[in-house]
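Okay, so chain A shows up in both of these, paired with chain B first and chain C after.
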Partner chain A sequence: MAEKNRAPRLGNSADGVSSLLASLTCILMGLVIGFLALLILGWITLAQDGNTVSFGEMLGKTWNSGFKAILSGGFYKTANAMGMGVRTEILQAAPLIMTGLSVAFAFKTGLFNIGAAGQYTVGAYFALFGAIVLKLPWWACLLASAIGGAIWGAIPGFFKAYLNVNEVITAIMFNWIGLYGVNTLIYQGGSGPMYNTNTTKTYTIKQVSPDSLLPTFNIPIGDKGYFGKMFLPTIGIFIAIAVAVLIWVVLNKTVFGYELKACGFNKNAAKYAGINDRKNIILSMTIAGALAGLGAGLFYLSGSKEWEPLVSTSLPATGFNGISVALLASSNPIGCIFSAIFISHITVGGGFMDAGIFPSEVSSIISGVVIYLCAFSLLFRSGIRKFFAREPKKAAGKGKEADA
Partner chain B sequence: MEDYVIEMLHITKEFPGIRANDDVTLQLKRGEIHALLGENSAGKSTLMSVLFGLYQPEQGIIKKDGQEVKISNPNDATALHIGMVHQHFKLVECFTVLDNIILGAEPMKGVVVDRAAARKKVMELSQRYGLKVDPDARVEDISVGMQQRVEILKMLYRDNDILIFDEPTAVLTPQEIDELMDIMRGFKAEGKSILFITHKLAEIKAVADRCSVLRKGKYMGTVDVANTSVEEMSRLMVGRDVQLVSTKDESHPGDVVLQVDNLTVPSKVSKKDAVKHASLQVRAGEIVCLAGIEGNGQTEFIHAVTGLDKPSSGTVTLCGRDITHAPIRRRSKLGMSHIPEDRHKHGLVLDYPLEYNMVLQRYWEKGFQQGGFLKKRVIREYSDRLIEQYDVRSGQGSTTIARSMSGGNQQKAIVAREIDKDPQLLIAVQPTRGLDVGAIEYIHKQIIAQRDAKKAVLLVSLELDEVMNLSDRILVMYEGEIVGEFDPKTTDVQTLGLYMAGAKRMDKEG
Partner chain C sequence: MWLLLKYTLLYASVLALVALGGMFSERSGIINIALEGIMVIGGLMGVVAINLFNAAGIPVVLGVILTILISGAAGMLYSSLLAFSAVNLKADQTIGGTALNLLATALAVVIAKRINGSDSPKISYNSTTNKVLSNLNFSFQIGPLTLNWFIVVALAALVAAWFILYRTRFGMRLMACGEHPQAADSVGINVYKMRWCGVLISGLLGGIGGMAYIVPAVGDWNFEIGVAGMGFLALAVMIFGQWKPAGIAAAALFFAVFRAMANIFDSIGFLNALNWPKEIYNMMPFLASMVVLAFTSKKSRAPKAEGVPYDKGSR
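Let's turn to the complex of A and B:
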């Protein structure tokens, strides 16, 4: 009997282990391809400048002034004075976790939320409005950003549920409506209440409403702390992690999560079980939107960047990178934390490479390759499972026969 | 030495965690009808897939005419003149019969298909074997029986002389089954060899010469059908004595539980109504069976009654309450249980573990959840109890992902869930489709037990044996209308067949 109880848990954890290993395999292969890309691109750049370098030299250069930076991320020695690199990495990871969660949550319900970018944009507007115009405290601004994203997510959900319009199409259109809508609302022909004509950006929150900025923290290492005193990281990363855990709990422990996942796995069976699929579609998109919106809040309420309504003509990359984060994490909310940190890590690291030789976009190539390989991760997963299944099968064989 | 046309010797095929074929030997004589008998998941399909080159066996060899052959893909099988009629036909619906038959083996005249030559050959074959088809009709417009004849002609057109029939009678009326048997005998007279996969013993008795039996992947032996009784064959197949006919007492119908009046349901595929003004009553303590050939409106009727689809007119009343437009959850709360026709589409969330599927209809009840949080321990205990009580077998008990379970055990799980809900009305749609004799026997007993516990049971079945065996009243549905009501004690399968085929109806001819 004791054996019987243990067997299933083993089965499930083996499942988790194999999907983790599959993701790690993707990452490793992505890094190898990224290294090769650096090598070739660097060589071409040097050759164009008329330099001839030996292969060995080139390998050394690629490693030292290129790839090492990517691997080290924010911890890259020369860039991490006063913890600046790490601070940037954390700052970028927090919203990525949120947009990743947004996409992953919708995936679980069988929806593809490609609208995280738009929801992020609207969330940013709500957060900035709360901070600059209403001068609300930070938690209220965060709440506002979530509400903004939620509204922007609910609309495609509504279209999907009641008019059967594919959420991908609606969400893509709402991305652009959101972006230019926000630009227009902020600029308002130069007279917008949040628009600072001197800087052509929104007002700096730190000057207008310091209470709206997220609290900061420091790590007590060294006499001034790891991050020095001037530029401290915000608690955004902790909020993001807490939300990820919360989403995991909702999906795995609650009746609501049970219904959402049932809809995602099999809409017909969910209907048969009396689950209101329309309600679930709208709710799922609303929550996905709220998560993406909150991500924008975490970023803009850290005060390190203002909105530039005149030049913001492309959708925020954080929104689309959320798709990568979710894919890399196999839509596991806890996995999203790690995959977001990873993507933030190599992106920040990419910026520290020797710009004269190596284009920083190589980090995008790496994450691109990793995501591309994630499409094969099912293949890896079954391969990994087979590899592990071979060994213990003989031992487990006897128990199984008794079961059958 | 015997003249074997195909020999499969000591075939072993393993899948992760299961040995689908374990040292199986099958020898097919030239010019015989050889039945392959076995319960579901006994390894019949695996064995045939090996013969067809879809799987490579770990051990064992295949011989054709005494020569060892290697079959690594279906094209090899075709080259060896092995043909198969699949249980689910593989036809292009919008093509004509003729085009379907020649598809993939078109006779060419330059760059155009020589239809005249093809037509000549097909018509010759059709006449020679008495396979009546209309070569110019579209497949979507012809009956299931004729579709099957098209499939058979496909094999003949390719000069196959080893013909495999995979559960060919499941979709036919009794009259069509008799016809098929005659056709098979005709092939035998021509010297063709037939492998006939089935789990229906009466059909084996009627047509087969020899019968090989598989049980749980193992070869149980080959018997001469003429000298072997039906009981012996079923014991070989199941491994124990099986009650082939369920016994039940007289029914004592009580109050009306389900009342359906003038129900009309639009069709999803055509502009016609799928169900036309159908009315019926089911009382407590009786099993009412809706019989008919597949696609005559039974599915749509049940969908309208259970709330999966909306009727365009008519009313549905459950225990005196009008539920015509009630949501599914309300019907469920009022005491309706539904064993759906398609267990994969509706019955299960295949990617959920078994325990979650066991509470699919009641996870929201107090007891299984508290304050919106699932009570996993209670769910696990409940699921374990159902597994134990209803003998649902799976690799990892409650945590087994439903997708990895065998069809029979998936169905048992659904039956367990729906019956354990303690319903007033049990709607069972083809509850034993594709199941083995042991599981069928078990599910039949459960359904009868529900009736004896004064529950109302509405059964939809395509299997006439099941209909005759279980029901207290039989209603025949043809083209969306209920065309006859029968007492199983005073009617026979042949009569039902005439009504099911639309040859007779009660309101016109009495």
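Let's turn to the complex of A and C:
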């Protein structure tokens, strides 16, 4: 009896551990490939100059002016073009947690939300509109950004539920429609109410409506505090963490979350149990969209960047990085917090490399490789699980022998 | 009007090439959402080859043929990453494809920056920088109409695709693997091999399609924007064309008209008079594809087994 009770619990903990180990394997392999990419880039540069260098020297250069920065740039107190390392990491982690949650939430309900980038874009527009035009307080602007994302997320849900169009295709199309739409609405031929013709960006929130900026915090170390006085991290990171916990509770501890998950697990069985699958598909996508939109609010209401309608010709990377965040976390909302911090860490670190030799996009290569590996991490996971399962099996075998 | 025709044919050839690639992949049972990334890699390698051959000073005709082949080969090589994960490792095809799309843009930017030796991801291949082989060599004139060689390639690919799919043993087997791989396997068809072939053909056509999008239209390309959603539009073209070569040709022309308007709306009298911003025209092909998909998806005839990894041991 005791053995029977222990078996499922063992299985569950091994499941969590194997997911974690699989993710760590993905990260490790991604980093190794990133290091190799840097090594090749460094070798090309040195070869161009016509120097002959030993392999050891090259390794040293790659490490010192490239890879070390990727690994530790997010901890730097020094600043580069993006700002102080630690502050930037905290700043970028908050929206990444949100887009990661958006993708993870959809995954849990059986949908692939590749549209986080578009929902993020529309959320950014709503947040900026609330701040610059309506001059609302920050919490109202955040609410607006979530509503914007929710609208953009509901569309693919509707197309899937009622018109049988795959949510991936709809979301991709609406990513671009959202991007071009937001650019048009902000620019309006140069006469948009949010568009500052002098800077060719939207107005800075700090000047137009300081109440719309997220509150900041500081760590009381030293006489000016850890982050100094000029640029402080916002409370966005705490909001994101709180939302992650909330999503975990909704998915795991409520009937509503259970219904959504059941729908994703087996649509027909859910239908048979009396769950309205169409309603649930639309609801899932709406919530996923709201999460991504809120992420944009957390980023743009920090006042560290303005929207540039004339040069924003590609979709925001934060949206797509959300996919890496969710996959690394095996769609666990709490896991998303850590994987988002990791992705933010290597992205910020990439900016600290010697840009003359190593383009900062090497960190995008690393996160791309990580998702590619995550796509078949099931393989790692079952391998790790087998490794863990070895001992219980032996025990079971022994039990049989005893019976005989 | 000649200008509208020029750009319509240009984009139609791009969309047809890439959509045909997607068709081969999906007919074999693999969803190829990585077409966007394959286009980026194909386009990048094509452009790099143009500049290399320009520096080497090889004959123009040979240069044109070789660069097109190189872009196709690069696309094939890149698509093998998808085939490996989707066929051999039975990974989730949509996620694998998405990863390859992200990776392609990152790789392209890093390579472009390294080639420039600066922080600019823009590569030039126009007639002012390139004296021997430039983007102009890929176009030719018939009367007032400018055409390019990729239109010829696309037409050849359409005819070949129709022939291969419906008139050869290979094509029939490929389609069988996309509809019912277990049945195909039971009569001795190697499903893994056929799916690899489907994905590799999509890589070839996608790579050439990427170059067809980048090279004839402009003289320099900023690789930061990838191919601006063209690969995804090609997916819509494939669905609208119902996974059939003739349908794809018609759908490609339909979408190309919308895409072409974004380039030349200011030189057409009545469109210019509307005074709409350029972004509206950029948006139009995507909106059109959604409207079309909304009306056609209910009776869509997608290959039955697409997206499902084939496992010999399962039943």
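A few comments on the model shown:
FYI, the second predicted complex is superposed on the first by the 375 of 404 C-alpha atoms of A that agree within 3 Å, B and C clash if a C-alpha of one lies under 4 Å from a C-alpha of the other, contacts with A are read in each partner's own complex, and residues count from 1 in each chain.
The rule is short, and it goes like this: a residue touches a chain if its C-beta (ideal position, glycine included) is under 8 Å from a C-beta of that chain, and two chains touch if they have at least 3 such contacts.
Only a predicted model underlies this, so the values are computations on that prediction, with no experimental measurement involved.
By the document's definition of touching, neither partner reaches A:Leu46: not chain B, not chain C. Once the two complexes are overlaid on the shared chain, A:Met58 sits clear of chain B and of chain C alike. With both structures placed on the common chain, the touch criterion links A:Lys386 to chain B but leaves chain C unconnected.
By the touch criterion defined above, A:Met29 reaches neither chain B nor chain C. A count of residues in chain A touched by chain B and by chain C gives the higher number to C. When the two structures are aligned on the shared chain, A:Val255 is found in touch with chain B, with no touch to chain C. In the superposition on chain A, A:Phe159 makes contact with chain C only, while chain B stays out of contact range.
Looking at the shared chain after the overlay, A:Tyr272 reaches chain B, while chain C stays out of its contact range.
No residue of chain A lies at the contact with chain B in one complex and also at the contact with chain C in the other.
Residues of chain A touching chain B in their complex: 4, 7-9, 11-12, 253-256, 258, 261-262, 265-266, 268-274, 276, 386, 389, 393, 400, 403-404. Residues 37, 41, 44-45, 48, 112, 114, 159, 163-165, 168-170, 172-177, 180-181, 183-184, 187-189, 313-314, 320, 323-324, 327, 355, 359, 361-362, 364-365, 367-369, 371-372, 374-376, 378-379 of chain A are the ones that touch chain C when the two sit in their complex.
Across the interface of their complex, chain A is touched by residues 33, 81, 85, 89-92, 94-96, 98-100, 102-103, 105-107, 109-110, 113-114, 117, 119, 224-226, 228-229, 232, 235-236, 239, 277, 279-280, 282-283, 286-287, 289-290, 293-294, 297-298, 300 of chain C. Note for the complex: chain B touches chain A at residues 16-17, 216, 308, 327-332, 338, 340, 345-352, 356, 360-361, 363-364, 369, 372-374, 376, 393, 395-400.
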